[in-house]
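The same chain A turns up in both complexes below, where it pairs with chain B and then with chain C.
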Partner chain A sequence: MAGSCLYLFRRGIPADVKWTAAKRLLTTAAGRKYNLSVFISNSKSPHFNLSFEDYLFQKYPPSSSPSSIPAKYLLLYTNTPCVIIGRNQNPHRETAVAALRTHGIPLVRRKSGGGAVFHDLGNVNYCVMMPNGDFDRDEHALAICDAVARIGGKGEEGGGVRLEVNERHDIVDCDGKKVSGSAYKLQRGKAYHHGTMLLNSKLHILSEVLHSSSEYTSLQQVEGAGVQSVKSPVANVGVESEAFVEAVVKLFRERYTDGGDGSFSVRFLDEKSLLPDEQDEVLKRVDELQSWKWTFGSTPKFTHKFLLEKDGPPALTFAVKEGTILAVDSTLPESEVVADEMVGKMYRAEEIEEFVPSGYWRDRIRNSI
Partner chain B sequence: MSATSVARMASAAAFRRAGVKFAHANQSRLALPTFIRLYASKSFPKHTVIDMPALSPTMTMGNVGTWAKAVGDSLAPGDVLVEIETDKAQMDFEFQDDGYLAKILLEEGAKEVPVGKPIGVYVTDEADVAAFADFTMADALTEEGKSAPAPAAEAPAPAAAPSTPAPAAAPAAPATEESEPVHPGRILASPIAKMIALEKGIPLKDIKGSGPGGRIIKKDVEAYQPPAPAASKPAAAPAAAASAAGTYEDIPISSMRKTIASRLTSSVQTSPHYFVSSTVTVSKLLKLREALNSTADGRYRLSVNDFLVKAMALASLRVPTANSAWLEAEGVIRQYSVVDVSVAVSTPTGLITPIVKNAHAKGLATISKEIKDLGKRARDGKLKPEEYTGGTITISNMGMNSAVTSFTSIINPPQSSILAVGTTERRAVEDADGDIKFEDVITVTGSFDHRVVDGAVGGEWIKAFKTIIENPLELLL
Partner chain C sequence: MSLTRSLARSLRSSSSAASRSTLAFSASRSLVGRSFPRSLAITRLGSSPAANSGVAARAYSSSESPDKKKKGEKETMKFPPFLFTPEHEWVALEDATISVIGISKYAAMALGDVVYVELPAVGAQVVAGDVIGAVESVKSASDIYTPVSGVVLEVNEALEKNPGLVNKDCYGEGWICRIGFKDPTELEELMNHERYRSYIATGE
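Showing the complex of A and B:
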């Protein structure tokens, strides 16, 4: 601790590095010990993993008396390629929805806040569940930085990759490129911090799905109340997933448990190894996550404008709330688009196609929503 | 700064953190210009404005997410009202009261709403919901501007200095046709009565109401004869100057405030107060509480306060000198053999101390029920005089306020002791093996009247109290 204090006063150290050192001094839960339960999922299904995470959070015991040892859960999972958006985001704004469908990349809306991320097999996700009183946005991000620093090196300060936490609570590498994004959920008595970790991800695909600009996307405008992602340049950490998982679990065990009986446990799980009542709960959540109503129907109110030419006036404007079309504004003739019939319908291509005689517009709508 | 005002500010801050403020349409704590404002604005039934809450200590603003409740839905404590997102964190705003959602002021999607800004309105009566169809954000903001001394307090959030409330003192108070409304400080009047009073320039607080619940109705105002010398607070001229644009606001001194003022001043001036503090370990107590609550099955729900009240009662039996009254007029010190504990409760109109009689003989579950019931009725202003006059010893618990580690209280005459309880802290202590472990402690400060209780005796009482708390099984003795 004293060493890190002096660190702040040394010259020639970049500001963001000093910021991380300062944060280490200030995190609230420093020094507390827990009963750590580690869960490692062998499933690669994004719906299963997110559902299990939600179920685990429901099962996490909220802090009761201030004197008993609280529990801390650490869940680690990897998904096949998918795009995950935050609870209050607008998928049309964050990603090219139809393009994802064409490529077979599922779009999933998670329960925590924040922005849109891309997962694939080169990305390991972590989730730390803690009592509400110990909630801190930086504590576990810093722990992960320390864990990565040890991979391939000798001891705490040695050899591995050096990562820092920036003021947006993201983990960045020494070039300032983002390697991890975080999101949080707080409830009465408990909270979780989960995040991604780009180890060996296919960054070109990430760029394609999250920041794409096809011919159609430049002819669209989405305006609405949803949370907007903050785009950052990204990079891979470059370590193997297994080495990462091992290092994180080891560090968490050393830092957060006092080594007593019952203070540490690991469980490996997947779809088949769940107990029957766990299965019911998780399946319930899988159904919810896969439903159109949750994924698209819970987008905050927005308007979606389709233009005929770049920077031109909108030819077709949809006002959508809770997945239902509230109003349609159309400058197109009825032979192309029968706007009035669409009001009150769900904002899905299958539902409104029949009111679009024009082949061009049908194509556009199918490729946009 | 007196203990009372500290307590009121603290409880007001606690209330603001919970995101709720009070707004009574018929409130008349302010002087004449307020009547003008009330008259000119729309009149809504009794309601409470819900503000954007601070859901984490560092939160300054949030985005409004999905409303889990619609207008007209009933609300119960623990229900999720609306989702809030801030800085990538998704949070549920859980409602803590009973009522019905009357109006949503900020819809889903509202961004960067600062903590404290109104987001909705709730009422206690389902029938009132329809009246809020036209309630706007401007109405909510105007109301919050008006209620200058934030009057509200949380559930049983007792404050520092106790006092018996206005109704006891009022009959003794001099003079005029001063009406004694059921809720001292808050005057009930029908809209037409208010209009007429305004036109005639009659302060409502001088009128005795003959309607239901002491409500002032039209004929009361018409029949009112202003008594010449006993003028009410000079409301008109100076208050007119102290309007919204002024640098101060004149709040007329209500009878409850007068009572609190006179009793506490005389208490401090006549009884020689001295204070004894102790840091008490409550780990075992908390464990016992948890154990008992886990098998409660809905029969009871014990709070730390219940244990403290019982422990005080038993300590007072062991050191009865502290459980005495100085009765100079009768030339005696009355040493009680029963313990009636006055529990300080903060209400919207001021401090009140309902009494748990025979606390030494009652079980924890009974004490718990009684305190909850008394507290509720105290806040509704429905206590009977015998429920708040008397008592042999008082407890004042600010444990709810996490900033208050310890404080001192003013003795409630004619009693000779009062215990001020601070919040729970975690301390590192050395245990039997020389290792360090963490304990939960609270700091209690007893104020004693040296005319009755000598220093060493006060210390003995505190020691008895500490022994009982730290060895909770002593409660069985």
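Showing the complex of A and C:
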């Protein structure tokens, strides 16, 4: 199948399903019990859901005394089509910015590490928050595999879909195709692991918006620090969202609590059901997540080169740091681009297009930055 | 949220080359070629506490001991060389007013290959406990906290091109930043090397 959740990994270790068996013997928190709070979002807004996740993480109590029962939070949500990039990624390099605009697909920078992923209504996201001492990149991925194994799917009779965790901590199907990718955030005393789960996603859109081969993208080069995505072949698991959510919640309750009512709670939520103080906290984060300053302005320092022909020399090069143009190198006449005027401006089309008399270049800049 | 604050701070302060060059501590530079531990809470990455402490103990019993002088580092440090936070940062004092911060070998190993280091803005005012940056490795973003209050004097720009220095030489070339430092009482709660070793072995 063509699509791809792409994920960002420096080392491309091929999927090896043997890994799962070994990891099961090694994972930390085996047998440890928690007070499990489950949050199920009925909102489909990526900005709301990511903001709520961030707020929940702030609220999550860091590890207290070793004798008390620690908390574990499980948040489940689904987003309308969007592209989510890692904290330290360059959207110009990792996504097809122009294609996103054409399709009206929002681009969101998350706070965890890793690579770019595509979400749509056929994908369910899970997030597990835990004391940092229990952080483990595989523990909860294995739990998700076990939950899916209990659901029927992909036309198999009775038995569930067999999934494995590979050496890159991704969940893969029996063909080694990625069905879920993970990212993590660690803070003092606490950590979260969140991941996607491709159940019935539109994989052809995924590949188009993450790596477009349009004429514009082949005429651009982005260089600089930051994390680059690793492309993986992807597949859908083929089970219904409701069945997935139910199976995951059930397994988490069995595995991570003592089974009593006191150690387990479920809350459904959306934009309208938040308490007033929660609403303030979440809205504040929505504003930040939607801001240009966060999405584009916090990109690691980079240079963006625009070519006139594939593999030709750059005609126009921008050096950008913290969203601001540090330098412009142009081989174009001032009748097309007035390069010097752009230095010190924010690197966004509406800020600099007044210095671009040429219709051709204005078009390219609007499409690309 | 701490990350947000650090982001806002780094966006606010335009870290111009000029402001940076005024802080040339060339005399002391060779002496503190040490790395900065990132203070992330990566206590136990992925395996049992027992297995982890074994790793940590090995790390420290090797020649990587942070206090060991490297070739070419002839100056002597006059203050307690390395102090550690529970979040696995280290701090070393270059003199009574300048501290260097990095992340410990234990943290560097637990994190895995570092692919990006988010550095604080030069000139930023920080308070002990603030997030001053983050380290990304194996899809995780881990916050770095400063153990001391003061002004960020310099950041290790070599990490922009070569974040792997944090793994390679966390007590040397992988240092994170220098912070102008005022209040020595802030150091009192930090762990010396011995106590830190015991902390990573037992969690206490």
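Following the convention adopted for this analysis, the second predicted complex is superposed on the first by the 347 of 369 C-alpha atoms of A that agree within 3 Å, B and C clash if a C-alpha of one lies under 4 Å from a C-alpha of the other, contacts with A are read in each partner's own complex, and residues count from 1 in each chain.
Keep this in mind: a contact is a pair of C-beta atoms (placed from the backbone, for glycine too) under 8 Å apart; a residue touches a chain by one contact, two chains touch by 3 or more.
None of the values given here were measured: they were computed from a predicted structure.
Clashing of chain B with chain C is the outcome of superposition onto chain A. Look at A:Gly323: by the touch rule set out above, it reaches chain C but stays clear of chain B.
When chain A is checked against chain B and against chain C, the one touching more of its residues turns out to be C. Contact with both chain B and chain C is seen for A:Phe135 once the two complexes are overlaid on the shared chain.
In the superposition on chain A, A:Arg255 makes contact with neither chain B nor chain C.
In the superposition on chain A, contact is made by A:Gly226 with both chain B and chain C.
In the superposed pair of complexes, A:Gly189 makes contact with chain C only, with no contact to chain B.
By the touch criterion stated above, A:Asp54 is placed in contact with chain C alone, chain B being left untouched.
Applying the stated touch rule to the two superposed structures, the overlap between the chain B and chain C interfaces on chain A comprises residues 66, 86-88, 111-115, 135, 137, 169, 182-188, 191, 225-227, 298, 300-301.
The residues of chain A lying in touch with chain B in their complex are 64-67, 86-88, 111-115, 135, 137, 169, 182-188, 191, 224-227, 298, 300-301. Within the complex formed with chain A, the residues of chain C that make contact are 1-4, 7, 10-11, 14-15, 39-49, 51, 87, 113, 115-116, 118, 131, 134, 136-143, 145, 160-161, 163, 203. Those residues of chain A whose C-beta lies close enough to touch chain C in the complex are 7-11, 26-28, 54, 58, 66, 86-88, 111-115, 132-138, 169, 182-191, 225-227, 285, 288, 293-294, 297-298, 300-301, 322-324.
The part of chain B that touches chain A in the complex is made up of residues 55-56, 63, 65-66, 78, 83, 85-92, 94, 107-111, 283, 286-287, 290, 424, 426, 438-440.
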